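What follows is a set of structures to go through.
Shared between the two complexes below is chain A, which has chain B as its partner in the first and chain C in the second.
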Partner chain A sequence: MLKSEIRERRVTVITKVLFIFVLFFFWEYLPVWTGRDKLFPPLSRVLESLWQNLTTGELLQHIKFSLYLIFSGIGLGIILAFFLTAFCMISKTFARIMDVIVSIMHPLPGIALLPVVMLLVGLGAKAIIIIIIHSILWPLIVNSLAGFRAIPKIQLELGRNIGMSEFRLIWAVMIPNAFPYILSGLKIAWARSWRALVSAEMVFGASGVVGGLGWFIYKTRYFMDIESVFAGLISVIIIGMLVDEFLLKTLENKTVKKWGMSA
Partner chain B sequence: MKKTALLLLTLLLGLSLFSCGKSVDKNRVVVAQQFGLGYAPVILMQELNLIEKYYPEAQVEWVRLGSGGAIREGMAGGNIDVGSMGVPPYLIAWAKGYDYKIISALCEMPLGLQTYHENVKTLKDIKPGMKIALPSPGSIQHILLSMAAAKELGNPKALDQNIIAMAHPDGVNALINQVEIDGHFTSPPYIFKELEQDNIHQVVNARDAFGGDFTFLVTAATGQLKKRNPELFNAVYKALEEAIIMLNENPEKTAEYVAPVLNLDRETYMKYITWEGVRFSTNPHGLLTFLDFMNEAGYVDRNTENVKDLLWETLDPAWAD
Partner chain C sequence: MSNLLVQDLVKQYSLEGKSFTVLDKLSFSVDSGDFLTILGPSGCGKTTLIRCICSIEEPTSGKILLDGKPISGIGPDRLMVFQDFNQLFPWKTVIENVIYPLKLNKVSGDIKTLTRRAEEFLDLVHLSAFKHAYPNQLSGGMRQRVAIARSLALNPKVLMMDEPFGALDAQTRSILQKELKSLWRKFQTTIIFITHNVQEAILLGSKVMVLSLSPAKIKYYKKNPLPEPRMPETPEFMALWHTLYDQLDTQRY
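Our next item is the complex of A and B:
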């Protein structure tokens, strides 16, 4: 690594840490200075409430339920997206129809669909999982299709010329080539599934037996427990960051970066 | 240098937003408007301009918000001066130390939990996974359900995992059509509609769960309003008092003003307003019982023995409990 690069890195880290420090400082003291600490609790009180909610196990239950909903939604969404994309690759007619469906469904916010979904499957976990699938399916398909369509023809022809089987062609040429697109589709899907989950629970209070983090925030709001509302928000942020940092980044490092497709 | 200046400017802007003082007109009062039979005095106060009657210079601004929670938050933020809500939502705010107290009670009403399941006769028959709809956690319906659960099941939070939040009209539709929910804890006029159906019966009568009569809705006013303009503050009380007297003494006359706002025809309105258990009164009852229970169950953690702590001077504590 070059010296200038090391320096650059150091400055980046210092800037980030400093920014967070300043942010926390203001969060702690600004509410007290302005006398609005009842409406906007200082950081220390939020952390205290976060700790309390964690130790009683209540928050953990909600987090577990949220993750269960999200991963069910994402899992099913990925499987569906995989098959739909595959059909598109096989059949031109299907791809045309899919284009229309995507342009109808993609701009439709999941939350707007909730009343219809609730009429069809009732309240609860099923409805929310369907909303999550809806909010991730279309970006996944759009991105994967874009990825497959962007594969240079010459690579496909080269593969055929050296006698690759169709399966091998898909596995060794098509998927790796399209992977950066698929990965960015996954990133969008992750962010959108969180939004869908939390907003669905907050707008309709549609909860399962336990309820997820959205229900936790909703519930604590009605008890005017602002500290816990913030604790819920922080949990959403932390889980989002953890998955992004560990799961998605690891996937990126193991694939796209390893294959030398992005810096 | 320029960059730093820009940063500072943004920060200042943010700061000023955060602590923006509201310089409001002395004669202005913001009142939250809500719909429901229990809010009849507030509706009457608006339709007959009663605040203006007692304080002619008053500039009354009516705001309509989506939920009682939003009204409370508006009052906490200083954007609303007068708002009405169920007793427990008020007590939750009081326990958090917000600067508002009860200026007048509004009414007592029959509340209850209804179901269409023939085999559900008591709370013991409610199975895990059955859903009970009510307006929101912490609402009077929720706390009354907790009281019933404490009595019948020995644990106030026994049914907390069964509740889902739903607006009254949606809950009525869902219950009558027997979809989505198994039970609905609601208040007039929605409860009347449900009890009129042949296939729906009551599981919990709120009066039994509470152990007596209790006030359903109260109107709270902020200390800010009282400080800003005590005369206007008193005018709000007098307006409510007049509306309540009129509802008691001359319900036929109120029909003309209130029934259209509630979207009821005259006949239905008269039937509802004279229903057994519907009473309008400025004196709140059951506040301390609610507060004790909510402390015991862990929903709030501030208590008082003295009902005066909950009331403005407009109300006589001797007539309240």
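Our next item is the complex of A and C:
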């Protein structure tokens, strides 16, 4: 790394840390100074509440439930996206039909589908999982298809030339070549589904059927337990960031970035 | 004995509903151990010709025989080194790129033997120090070297090279020419090498072919008479250079 790069990096880190400190400072003291700490609790009380909620187990239960929902949804979504993309690669007709379906479904926010889904499968985890699948399926298909269509012809010719069967070509050449696109699809999928999940849980919170982080936030607001509302919000942010910044970024650094591939 | 035999090879493409002939009844043979360099004006069909031999492209008619038998689809007995620097798998390290095709083709030996074989060939192209690097960490010339090492390690019956040094600077090009030539001497692989560069064709080829433009016919096909080492400054070299250059039909542009 160059010296100027190191310096730039240091400045970036210092700026960010300083900003967070200033933010925390005002969060702690501004509510007290302005006398509005009933509606906007200072940071220390939020953290205290977060700790209590986590240790008494209730928040932890909700987090577990949310994670269970989202990973089931993402898992099923990935499997479904895989097969639909594969059919698109096999059949031109299917690909054309899929193009239409995607352009209809892609702009539709998952939460807007909730009333319809509730009518079809009722209230409960199933409905939320369907919303999650909806929110990730289309970006995954769009990205994977773009990835497969962008594979350099030379990579396929090379694979066949060194003696690969058509079947091996799929997982040894096509999928790795399309991986940068698939990964960026996954990133969009995560961002979308996490938002969709929390919103859906909140709507269900109104009917009080299932748990989850969204429901926790909704419920604590109902009891005017503002500290817990903030504790719930912080949990949403932290989990979102952990997956995004650590899981997905690490995956990206260890694969696409290292190989010098880009979508 | 004759290694590769091309008989009445015709290749037509259709363009806007009309078919046009790129290769017009080409017939020639390449002996085992030959280093054939092919010259021809741009767009005359050089790439098409070796893509047919490699079975990446299906000939319209004609026969291609390898060791007396018709070629049977695309496969590692006829390997192609492309001009494109993107002919390695970016997610594999240099040595993995060389080992993988060996494993795929069940070249005899356990993983240790295969690794040793891969290392040996990387050494021959002077890339031992980079065996654990990823292709994106290499220069264009280094990537071409890996591609050459990978192909030679598979011991193909015919190795085809489509302007492999075309996008390189003159110096790197000259180094790789020397390397390739000594590798060819060592392994006596049959090589078909396409180039735009007349000097390169003379330096490398044990036989030289010139193709004409639309449709491609063989205008010149002879053994290279120059003894080794070939020096571009000698009158014999320059005479041959002019002969080939005239054959290249430059007035068409």
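By our rule, the second predicted complex is superposed on the first by the 251 of 263 C-alpha atoms of A that agree within 3 Å, B and C clash if a C-alpha of one lies under 4 Å from a C-alpha of the other, contacts with A are read in each partner's own complex, and residues count from 1 in each chain.
We adopt the following convention: a residue touches a chain if its C-beta (ideal position, glycine included) is under 8 Å from a C-beta of that chain, and two chains touch if they have at least 3 such contacts.
No experiment lies behind these values; they were computed from the predicted model shown.
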| item | value |
| --- | --- |
| Chain B versus chain C as contact partner of A:173, first or second or both or neither | second |
| Partner chain in contact with A:161 - chain B first, chain C second, else both or neither | second |
| First, second, both or neither for A:260, with chain B first and chain C second | second |
| Common interface residues of chain A - those touching chain B in one complex and chain C in the other | none |
| In the complex, chain B residues that touch chain A | 15, 18-19, 69, 72-73, 76-77, 89, 92-93, 96-98, 128-129, 131, 136-139, 161, 164-166, 179-181, 299-300 |
| Complex interface listing, chain A residues touching chain B | 30, 34, 36, 38-40, 118-119, 122-124, 204-207, 209-210, 218-219, 221-224 |
| Of chain A, residues touching chain C in the complex | 152, 154-155, 157-158, 160-164, 168, 173, 176, 179, 255, 258-261 |
| In the complex with chain A, residue positions of chain C that touch it | 54, 56, 74-76, 79-80, 82, 84, 86-87, 89-91, 100-101, 104-105, 134-137, 154 |
